[in-house]
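Every chain is named by a letter (A, B and C) in the order it is written, and numbering of its residues begins at 1.
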Amino acid sequence: MVGYLLKRIGLMLLTLFIVISLTFFLMKLIPGSPFSAAAKLNETQRAIMAAKYGLDQPVPVQYLKYMTNVLQGDLGVSFQFSNTPVTELIAKRIGPSATLGLQAMIFGTIFGIILGVIAALRQNTWMDYGSTLVAVLGKSIPSFVFAAMLQYFIAVRLGWFPVAFWRGYEYSILPTIALAIFPISIAARFMRTEMIEVLSSDYIVLARAKGASSFEVAFKHALRNALIPVVTVLGPLAVSLITGSLVVERVFAIPGLGEQFVTSINVLDYPVIMGTTILFAALFIFVVLIVDILYSIIDPRIRLSGGEN
Amino acid sequence: MESILTVKDLAISFNTYAGEVKAIRGVNFELYKGETLAIVGESGSGKSVTTKSIMRLLPKSNSEMKPESQILFDGKDLTKQTDKQMEKIRGKDISMIFQDPMTSLNPTMKIGKQIAEPLLKHQNLSKAQAKARALELLKLVGIPNPEVRINQYPHQFSGGQRQRIVIAVALACNPKVLIADEPTTALDVTIQAQILDLMKDLQKKIDTSIIFITHDLGVVASVADRVAVMYGGRIVEVGTVDEIFYNPKHPYTWGLISSMPSLETDVDELFVIPGSPPDLLNPPKGDAFAARNRFAMAIDFEEEPPMFKVSETHYAATWLLHPDAPYVEPPEAVKKNQEKFNNAQSKGGVY
Amino acid sequence: MVNPIKRIPKEMFEPKRVDESLAEKIEKPSLSFWQDAWLRVKKNKAAIVSVVVLTLLIIMALIGPYLSGHTVQQNVEHANLPPRIAAVADVSWLPFDGTLKNRDGAILTPYEDRQITESYWFGTDSLGRDLFTRLWLGVRISLFIAFLATAIDMVIGVSYGAISGYFGGRVDNIMQRIIEILSGIPNLVIVILLILILEPGILAITLALALTGWVTMARVVRGQVLKLKNQEFALASKTLGATDYRIIFKHLMPNMVGVIIVNMMFTIPSAIFFEAFLSFIGLGLKPPNASLGTLIEDGFRVMLLYPYMLIIPSIVISLLMVTFNLLGDGLRDALDPKMRD
């Protein structure tokens, strides 16, 4: 287990290193990048950049300098927000994004799992079809289309929720739903398939043969076994929330990381793009690792075989 | 002999996309107290469906038990019990062992808990009592080091050990009837023998009656008191082990016995019953076995044969037993068996 | 248990044999893999409806731009006209009567106000371009990008997966490490960086999508190859001296076509999604080109005033996504050998 963990963390650091390097070199290739002479920088910025990255020095030296800065938590300064350090910008913006992401993740997976279990237990009834419909639509309709539709019909037309901005709890409800629809649909489908498969397995028949009631069979025997594989989709789901946050925050004008990232892309604020990219990549890699560890904790087969051998 | 379980006119259909599959078409048998009844037949003959329906474990969504079916146990007709009533019978009065020990234990539940489950459910034991009894059961089925192993998960046990655990689960409440659905098929031959010995041993200890499903006639010979041969959703011949092995009457049973490999026969090739089992979606008219029967007669294609009585304990459903039917010689292998039996009988020895 | 013995005519006890070949008769007609798969797809109503809708959408993408009689010429006098279809203008629940409700609930009639006699079926945008024509041109480009990206994806993914799985050993080890690291980087990041370098455009988007999409395909194919290459038919062919090339293409490929197709069916909608997504965050095609994503982006900007500009392309992209996904599901169920009985 410890060996496995070390190996995973090693791989994780390697990947992160590659991402940062890749970002650096790609940025060097971009016409008008902060490191090229054509960058639209003012004199002060150019001076700061030159001092910080040693722009007059050869590329390998610049690279080393950049890596050292990143390791020290220095991601450069933003163009659009008059030289504010990128880390400061990120720190300011991460709150709403984290709130939305967590809410959507928790609400989405729990609701999705419930939908999936209901569909599996009431196979081929209207409940099953309803849950399948939600799942297909949620998986298919792009998050920004769904967000825009929610905003137009529920906020603008019906006026049930605020249309946009971030000024209190009620402002987070529509964006959370817009973000959660994908986790809901994925969790629901996955859970339904798993649950149906588990319910038809031999040990479920044996549990029934022992005299367990259908409630006990579903919740004591089947649910846990069906839930274990669902953990594997949590990683991809968390990642999809990052993608989703870019557009959903834009639709609802939420001052989060995603919205800032999109603005930065549009005004070519490279330090912010790079900093956010590195953050997203780190988050992604970390989530995948956490999910793997979680999986090995929940499934006794993996835990114990890893522990003994 | 006292009968503990009586199955009468059991008929079960499955509704599939293709139509109604008549899996069981009128099965009758009795299980006597303390005996082991083997049900033999090839895949798809309805053995497992019959036993699952006794436990009422068939999925309700696509299976249908015909109204004339009766399963009498302990003065009750199991076909008329509600789900709640059945839960009280399952695991307590009737329990079951399945074919594949690798898949029949819950992979995420400690085996102690799995053994204790029926105890807690049916015998109102406290958790500590149930655990003590689970330990006892593990010892009884021969799992070494039970104090440690009770807290382990199924994947930490070998196939043979898992089947022992499944047996422990099944015997936890001292059931009156134990249904074993091919309990040794998935195991190595050496382990098979151990499990069979264990079952025979435990049967004596707790005085239970066993329905033993198998397609392996070798296993039948070593465990069963009586044998019922199933074909195409019906029982075609039933009798004591000796009667079935040494004096079979149904051509299908002849086929089964001829196709059994034996150390004494020096044939190059094993006998094969030609053809494949009948399509129960459209069961053929007359005797389901007729199309594969070397001795088929015109009547076989017209009318299903009734059960003809051979002896007090031996019945067979074949028109060959009709008084007007011509005499046919059973195949070589069957005749050899008969001779061996007669010789043994005349010498007064036990074969 | 025993019935009383019935009298039965003597001739009924004459021996009668059935032809032994009849006993071995195969009841069902034998079906090839594809015939069998088609029978299964046919049973899946959702998949069939999807095929029909998709076909219509693809046909419209091809001929739609020439149907309305309008071109995408800018015509500022005709700017921001709501949808009007003369034939259904009187059907009250359909929004094709050429009127528009503003935020205070007042009904605007821009056609009458500006004395425009022509009808624009799906309205016009802020530059007076016919949205019906633009919409189908956009669908055409979105589909083109998605199909092209998927095709590139498939070529790279299948070759990579097949080589990695077939040769195994050290080759496999190295190739798998590369995949592990690649899949450790979020697609989003790669796509965004690539597009920033390549300048937004059809080629850049296609390339970015293809470069990030092949990993899944490679994984699936490798898994299949690993499974198949040790099966008897492949080993038999090897013992008979078949070349690696022959084994891969003649023996393994035909067995993997199903999974590859299913995988492609799910890659297409994800490419459609990513293209629209990139357009929505400002990395899409540059005007005057339109894709579904840029149309939605344009519509979103003026959503409060001219909701039809957002809603119509949104419906079309949702239809495309839903039908591709349903078709993919249907094909997966049909081609999954586990489901065959």
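Basically, a residue touches a chain if its C-beta (ideal position, glycine included) is under 8 Å from a C-beta of that chain, and two chains touch if they have at least 3 such contacts.
None of the values given here were measured: they were computed from a predicted structure.
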- Query: Taking each chain's centre as the mean of its CA atoms, which one is farthest from the centre of subunit B?
  - Reply: A
- Chains joined by the largest number of C-beta pairs are A-C
- Query: If you average the Cα atoms of each chain, whose average lands nearest the overall Cα average?
  - Reply: C
- Message: What's the distance between the Cα centroids of subunit A and subunit B, rounded to whole Å?
- Response: 54
- State, to the nearest whole Å, the distance from the C-alpha centre of subunit A to the C-alpha centre of subunit C. 24
- At what distance in angstrom does the C-alpha mean of subunit C lie from that of subunit B? 51
- Item | subunit A residues counted as touching two or more neighbouring chains | none
- Along subunit A, where are the residues that touch subunit B in the complex? 123-124, 201-203, 205-214, 221, 224-225, 228, 299-301, 304-305
- Contacting residues of subunit C [partner subunit B, same complex]: 1-3, 5-6, 8, 10-18, 20, 22-24, 27
- Item | Touch list for subunit B against partner subunit A, complex | 55, 57, 61, 83-84, 87-92, 95-96, 98, 100, 103-109, 117-118, 121-122, 153, 155-156, 166, 169-170
- subunit C partner, complex, touching residues on subunit B are 28, 274-276, 279, 290-292, 294-302, 306-309, 315, 319, 322-326
- Partner subunit C, residues of subunit A touching it in the complex: 11-12, 14-15, 18-19, 22-23, 26-27, 29-31, 136-137, 139-142, 144-145, 148-149, 151-152, 156, 239, 242-243, 246-247, 250-251, 262, 265-266, 268, 273, 277, 280-281, 284-285, 288
